[in-house]
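When the chains are written out, they are named A, B, C and D in that same order, and each has its own residue count from 1.
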Amino acid sequence: MKIGFIGLGIMGTRMAANLQKHGHSLVVFNRTREKAEPLVAEGATWADSPAALALQAEVIFTMLAHPDAVEEAALGEDGFLRYPQPGQMWIDCSTVNPSFSRKMAVEAKARGVGFLGTPVTGSKGQAELAKLTFWVGGETSDAERYRPLLECMGNRIIYCGGPGMGASLKMVMNQLLGTAMAAFAEGLVLGESLGLSRELLFEAILGGPGAAPFLASKRERIESGNYEPADFPLRWLQKDLHLAAVSAYEAGAAMPLTNAAKELYRLAIRDGRGSEDFSAIYDYLARNQDVKPSNNGHHDQSDRSNDPTGGRLCAR
Amino acid sequence: MKIGFIGLGIMGTRMAANLQKHGHSLVVFNRTREKAEPLVAEGATWADSPAALALQAEVIFTMLAHPDAVEEAALGEDGFLRYPQPGQMWIDCSTVNPSFSRKMAVEAKARGVGFLGTPVTGSKGQAELAKLTFWVGGETSDAERYRPLLECMGNRIIYCGGPGMGASLKMVMNQLLGTAMAAFAEGLVLGESLGLSRELLFEAILGGPGAAPFLASKRERIESGNYEPADFPLRWLQKDLHLAAVSAYEAGAAMPLTNAAKELYRLAIRDGRGSEDFSAIYDYLARNQDVKPSNNGHHDQSDRSNDPTGGRLCAR
Amino acid sequence: MKIGFIGLGIMGTRMAANLQKHGHSLVVFNRTREKAEPLVAEGATWADSPAALALQAEVIFTMLAHPDAVEEAALGEDGFLRYPQPGQMWIDCSTVNPSFSRKMAVEAKARGVGFLGTPVTGSKGQAELAKLTFWVGGETSDAERYRPLLECMGNRIIYCGGPGMGASLKMVMNQLLGTAMAAFAEGLVLGESLGLSRELLFEAILGGPGAAPFLASKRERIESGNYEPADFPLRWLQKDLHLAAVSAYEAGAAMPLTNAAKELYRLAIRDGRGSEDFSAIYDYLARNQDVKPSNNGHHDQSDRSNDPTGGRLCAR
Amino acid sequence: MKIGFIGLGIMGTRMAANLQKHGHSLVVFNRTREKAEPLVAEGATWADSPAALALQAEVIFTMLAHPDAVEEAALGEDGFLRYPQPGQMWIDCSTVNPSFSRKMAVEAKARGVGFLGTPVTGSKGQAELAKLTFWVGGETSDAERYRPLLECMGNRIIYCGGPGMGASLKMVMNQLLGTAMAAFAEGLVLGESLGLSRELLFEAILGGPGAAPFLASKRERIESGNYEPADFPLRWLQKDLHLAAVSAYEAGAAMPLTNAAKELYRLAIRDGRGSEDFSAIYDYLARNQDVKPSNNGHHDQSDRSNDPTGGRLCAR
């Protein structure tokens, strides 16, 4: 079976290489050809466009940065869906919103092409070791049929439901990451403000019942104050929270904490922290600190002409 | 009737002078004697301590900066409540929290002294022109009996109920000011971000149905970017929102917006804006703006190794 | 000049009638013909579809319920933009989001049709009296040229800028209404919880510096507890806050209060208040009240086995 | 060494029994004598008041429900601090706020009595098995000297710093529990609203990187819908969030998420959920759901006379 792979970034190259290692024959496309070369050296065929790739592949993987890129690859002038082949399958591993994934499913089916939307969780290292998690949305039969391909790249293949459901589940995951990070940052700053040492706070909280496991991996960043390069840029996390908020609106769910987190990260972005790791929210909360001498409420009432009304109140 | 007046700040001196102008005989005390001199020149008697003042006055006014100062003047070593006189009355014009005012009422009554808690709204100019508003809490009979004294200093005397009720009503007023200012700032920044001119926004919004009247008085500050000296320091407004939040907790009321406003002003305080006028919340929201080149979500998925888990997820 | 009018609801019929009164010759279309009859009786021509209307009108007004209806009327199978006439103008008075309005401007221009997006503020009564406000977005020359038509229906014609700008300004207006209403409701509930009478609160707050003028018009509803039929359904207000939040995300603005308000209204919608007037947010906050006996923190520690960890903490 | 123990609730009896098992001689006091009987049967001495207990004990433990009870036991008419003995030590295990703990430290020292404030985490079962966690605040030398006593009752003795620091750290822990629970509830409701099964969500999220470990222990409650009797009543959790918010205010820290969580739990309390386990916040968010037919924004503009201004806007 010939497999097409579009999108050869840090994740995509490793994923494609793992398919290759399992003996699958590849045809590949990327915006810049350079990144394809190691795969070509191992026998992959280069295609000059998604359309050209479509003519040679039974299954097409996409691993792209954002919905616009996916839409362009699929439905653009040289999009692969413009040359649908009988029995062809498209598996989109990009992180997109649920409704976009459903829309792509409809577009694919209208052209006789099958569709699975399977966003991915995992690090560069996990991509290399084929230990990614796939959150699979699409028809059960397709999910079963193509599971062996996903197992070349990941070790946790979770079927989530129909089209868009993989994206939905990943969205909930990221909503949890974002709120947990911000709430932890608040607690840490509070604790330090009360005089507790940061080391004690880490010892007492991490590994305890109230701390999400990933927080431990942020300890080093917080201790060193080094938030770049980001594992997960704050800007992207904020985008995911926005996405969750929009989906909640559409579904009629209420998310006051998630929205509060979304706005807090936004303030941090405006303060120039968008490209840093999202754990920089701690630094944002900790650093911004009033430097002017504060009399902390012990002001002289004699200087308090606290009328914001410019005299209107009594003109009544 | 001899009247005692404790607390001769910008507001207090003007209030005391108005009592004097109406022919009342004054005995005064202040932390620093200097501020008392114009009143003394007009015939007021200086007292060396609140206690000394207590021995000469039928009615004692206090106009102090904060609850601690009030408590010290009343119950401290030289406090006036330590020398209660038969039929004596205490009228506290300081801005304090409702529970503190109720506590003072109890302390006064235990010593046979009557009590009214009447926080004040109004500017320095209004104090001078006897156009202050008094929010009166205490017994109806006391409120009626001493209304003529308040009318020497203000033109809007609002009876709010028992002890602490004046403080409660002023607290609600300030909660409205704080939320209205912050929500307006958000709308202004949104409008400008969408390309609407600030002038148009002011024209369309101020004077319209959705804008609290005091907002018009903030236009000049926002246009000039000049937030000092403050009419009403942001730090004090944030304290009032905190006070409202604490009172709401005690009363079992929910205030999600007010709490969100409280935290937004706190972030502005940490950013160094506490001593500025509270309208500086606009500037805080408008100025902090991401300066780094933003790819605004159009990032390369290839660089997205977005695993915040350090590999744990798949170790499962 | 022959004028087309699509969308003859409560507002649309009154607006069209005012155009007619000024001597303009009308051609009209509506989903149900019935509502067109009074206009037809006065000389208007009925068209069987937007497309049929397009062939007869120099200027086409649309006053429809939501973006989908606008898109269908313009670009649907029988859409009027499918039969563009030379020099034709489209004036959309529907309330839509800014980006939708910009999209319609592009679609119109691509077919040689001019476009103004002019959402409207005002009541049924104001529509009848030609006292509406128009928030105009589009090219200056078009805004000037067609101002006389708008003046047949309204007395406040505000030019806001290019396409979508009218929608932007109306969005800011509604963001202010929604936050002001919710913050006022919070203050009212707090005040009442502290023992202040509702009447006193209304007297002291409404007309004061901190209360948006429209709040006075909600007093009767709050006093009577009658929130239906709605002047402005809570559900729509929540939608407008959502729209503002999405626009803020796109523009990079932070709106923590607006988002908190959005979620509060959402909770009220889930509680069944969506179709009521948006002032029902007061009732939502006031009515939901813990009925079980509360020991308010004065609990017996002896019964407090407050370990949410199921024993994990100490297993460490 | 004779040990006094005041407060024999579910936790206190088990803690005292463990001291007894290690051979310590006890003198005990409780509001109701009945609960002391098992301890007395094993050799403990009953004291008729805290004061009577003070005369016989070198070390006094308190395990009481709230600060007021602690203050009464220590400084009330029959308070133990009224009869301080040379070299006496007071160890308060009650959950109190940091500033209260510091105040008690001052009161104790003024009478020549040592003080440790060591709030406890753990379940009834952990109390029985001597597996509690103690968060110790006070002088290092005291903490070292009395550690063996704490080790009779717990297996994790964490020195947090000076007086009040134990309370501070426990407060941060509970802030994390409260925010994590509410954010998880939001994610769960969102996921279910999007069509994901609850079972899948539990499987995918619990045990993953973004879920605090204690959440797994709430699964059964959520699946069964059974929130009583509470492990940790929602009302107490909300109190702890309030306490954190107040401490943050005093320390100048910003906590927008924590405050949003505080208000969400407050709304749930008003809806009658205060005595349920705090995981009922899920049920609160999930159950309240608009039951009226929703047209979800697809309303007829014709019925939209959305003027909340009562005509004022155009009167301008």
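For the reader, a short list of remarks on this structure follows.
One rule holds for everything that comes next: contacts are C-beta pairs under 8 Å (C-beta built on N, C-alpha and C of every residue); 3 or more make two chains touch, one makes a residue touch a chain.
Predicted, not measured: the structure shown is a model, and the values here were computed from it.
By the document's definition of touch, common neighbours of chain C and chain D comprise A, B. For chain C, the chain whose average C-alpha position is most distant is D. Superposing chain A on chain C by their CA atoms means rotating through 180 degrees, a value rounded to the nearest 5.
Mean C-alpha positions place chain A and chain C at a centre distance of 33 Å. Chain B and chain C, compared by their mean Cα positions, are separated by 35 Å. Work out the mean CA point of chain A and of chain B, and you get 45 Å between them. Looking at chain A, residues 177, 208-209, 213-214, 252-256, 259-260, 263-264, 267, 269-270, 289-290, 294, 308-309, 312-313, 316 sit in touch with two or more other chains. Across the complex, chain A is touched by residues 207-209, 242, 245-246, 249, 252-256, 259-260, 262-264, 266-267, 269-270, 308-309, 312-313, 316 of chain C.
Contact residues on chain A toward chain B in their complex (touch as defined above): 7-13, 35, 63-66, 68-69, 94-95, 121-127, 131-133, 154-156, 177, 181, 213-214, 216-218, 231-233, 235-236, 239, 256, 260, 267, 269-275, 278, 288-292, 294, 297-314, 316.
Chain A meets chain D in the complex at residues 98, 135, 158, 160-162, 164-165, 168-169, 171-177, 179-180, 182-184, 186-191, 193-197, 200-201, 203-205, 208-214, 244, 247-248, 251-261, 263-264, 285, 289-290, 294.
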